[in-house]
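Shared between the two complexes below is subunit A, which has subunit B as its partner in the first and subunit C in the second.
== the complex of A and B ==
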């Protein structure tokens, strides 16, 4: 992890929650097999998508 | 659109990923190729290009055929390179390039009134070019026709990347992990996270970025102008990284890990590192197929600067057929050249202290965001924006 803000733990937590990395950061209490947590997390994401959907615009990088 | 439509998930992603997982290994490439053909036809007919756009599927079929003749050091590889560049010139740059000679469309004998872009042409052509060039240099194996069709027709990455490499894709296609629960969990999470980013952040910022037009800029208070451009800088990052999240997550549902495109680019402290973390699959493509063939950094210093400028000129032109995109690319080329000069000046020692690094980050962040002006506005509007920003 390079860059100005050396907060690798927080970055890795966000990457883990976003599905980018497979292993949780050291000390993070949620394993991939914790289906209650992931079920709740997916519900939150779906809720966010539902609340903000309907205003969708084109993705910028699709043949511009 | 595509990734934020139900059609994508219900008609293509879920059925294709399920069939792929359940099928025998020998059939899997054909499932990707077949679903990719249907995907291209469906979204061309419903969203881009219509029937003529859908007919551009023939480009993929022709590429699948001719690529079978690519051999190391063979002239046929050059045919592949030239024809791919021709696809780009005809579909993407014809009106722009001929417009430089005949600015008035009515007087332009080459003007294409109903011009359209085949779905994903900017991205799939770069994969075609990579394969032809790497076969020429014997840097990748041929694979069989089904595997190559799976490579070019893999629909999660077809429309806007990440730009794949055949030598990276092929082993993954041949050895799909057995742990489908892990792939499904990670893929599903990644797709949801990408959609949430797109809807909740990128689309919300549209309310601010819509003001980047000449009428609103003329009327706005000067203090609000940087905020609109900053909103665009955040929006383009969130929008494209969200797109990449959905593409990578979709690929993961097949059990295939495709390259990542972003790695915290706005946290970088110089422009060179920014480009190592922004649209990584494109940056590395330009490095391997433009910058290094031009001589890279192993030539005399003035040539290195020229190589940087040429590479970023091509990057700008690739991003759009317009002079503003070229200016944006050349600006980044100049920034990369200045950074290289600064890094290699006599007595240069990189500082690890907080304040110099914070200043370096700030300069990089501001420079990148100011340069977006030429990405999201035409030259005339962008110059007007800067005139209002600086002079008032």
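== the complex of A and C ==
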């Protein structure tokens, strides 16, 4: 797969993972029936939300 | 169709992932600032002088300079347990922690800023991040007595306490914030900053103007010492410590705008009256550092200012300390400095 095709492919993967489309792009190894993967995916989402959820805090001190 | 078993397997992976995240956060924050201060307390059991307060003390008190000025010698010298972004509650918890670890100091130096001694301890869970995360892991039930939380926050406090991901979330967010600031600074002139944060941000901790400060002085004239300060004084007195309350050095702008007015003088007189019930020596160090260049930012002393302050404080308290048997510095001729 060349770089040109990689971006649309990744876009479709993200759309699939986020629930925007129902079918994975061709060649994507994870199916909806793989529930361990979805558990892991939720973990990643929780982690990303956790890391960036402090953005609304006004930090004066930053040395923790 | 999704079966119960499939959902359970996904949930188990999620729970496992969350456990791993908690372990990761616990590992990443094992050297957080409060834990470093606690470690310093554990490693300084023979210290005879303990300095407590917020970042003004953390950055302004130099143990070795104070020791030289008072002829004390490590390890029986001073230990700085000042903690940035802390309130009297955390400072009380640190004193108790030090005592519980076997430290038997004879003198507590407590540096304060503006209305710190009389501010009521009303907080929300959102405030308990960063260094204040120690409220979750040092005597949480005891500490809870000194700040009031809403019913909702009280339940949340208990629920969050067990999870490093929540208790120490501020430390992780701060790392993200540092990254965000670094990225935001690309191509721009460097902003002045120090160990605590962006220098300019610290003006946000001062009153907006003279009028607001004067109003606060008036309002605070009827305030008692905050429960945490009272408890700190009680704990220190019961442990046999002499106490030095130090009005910390301020920049010229802060002194002129806020401290050099009648309202502040009345407030300080009020505080001194409240402190009279305890074995307290009041030290007004607010005008000790006259050169603003010796400040690192609007509030914190830089290296040179910290040395000057610590030296002068040592000189000031030297006479005071001579009345405390364990700190008497002239009792053994030829062994000057060994109490």
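Following the convention adopted for this analysis, the second predicted complex is superposed on the first by the 48 of 64 C-alpha atoms of A that agree within 3 Å, B and C clash if a C-alpha of one lies under 4 Å from a C-alpha of the other, contacts with A are read in each partner's own complex, and residues count from 1 in each chain.
To be clear about the criterion, a residue touches a chain if its C-beta (ideal position, glycine included) is under 8 Å from a C-beta of that chain, and two chains touch if they have at least 3 such contacts.
Not measured: the values here are computed from a predicted model.
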item	value
Partner chain in contact with A:46 - subunit B first, subunit C second, else both or neither	both
First (subunit B), second (subunit C), both or neither touched by A:20	first
Subunit B versus subunit C, judged by how many residues of subunit A each one touches	B
First (subunit B), second (subunit C), both or neither touched by A:38	both
First, second, both or neither for A:59, with subunit B first and subunit C second	both
Residues of subunit A contacting subunit B in one complex and subunit C in the other	38, 42, 46, 51-53, 55, 57, 59-64
Subunit A-touching residues of subunit C, taken from the complex the two chains share	2, 6-7, 9-14, 16-18, 20-21, 29, 32-33, 55, 84-85, 126, 129-131, 133, 165, 169-174, 176-178, 180-181, 195-198, 201-202, 204-205
Subunit B residues touching subunit A - in the complex, by the definition given at the top	1-4, 48, 117, 119-122, 159-161, 182, 185-196, 198-200, 202-204, 206, 235-236, 239-240, 242-243, 245, 248-249, 252, 260, 264, 267-269, 273, 277, 319-320, 357-358, 360-361
Sites on subunit A touched by subunit B in the complex	1-5, 11, 17-20, 22, 32, 38, 41-42, 45-46, 48-49, 51-53, 55-64
Residue numbers on subunit A that touch subunit C, as the complex places them	33, 35-36, 38-40, 42-43, 46-47, 50-55, 57, 59-64
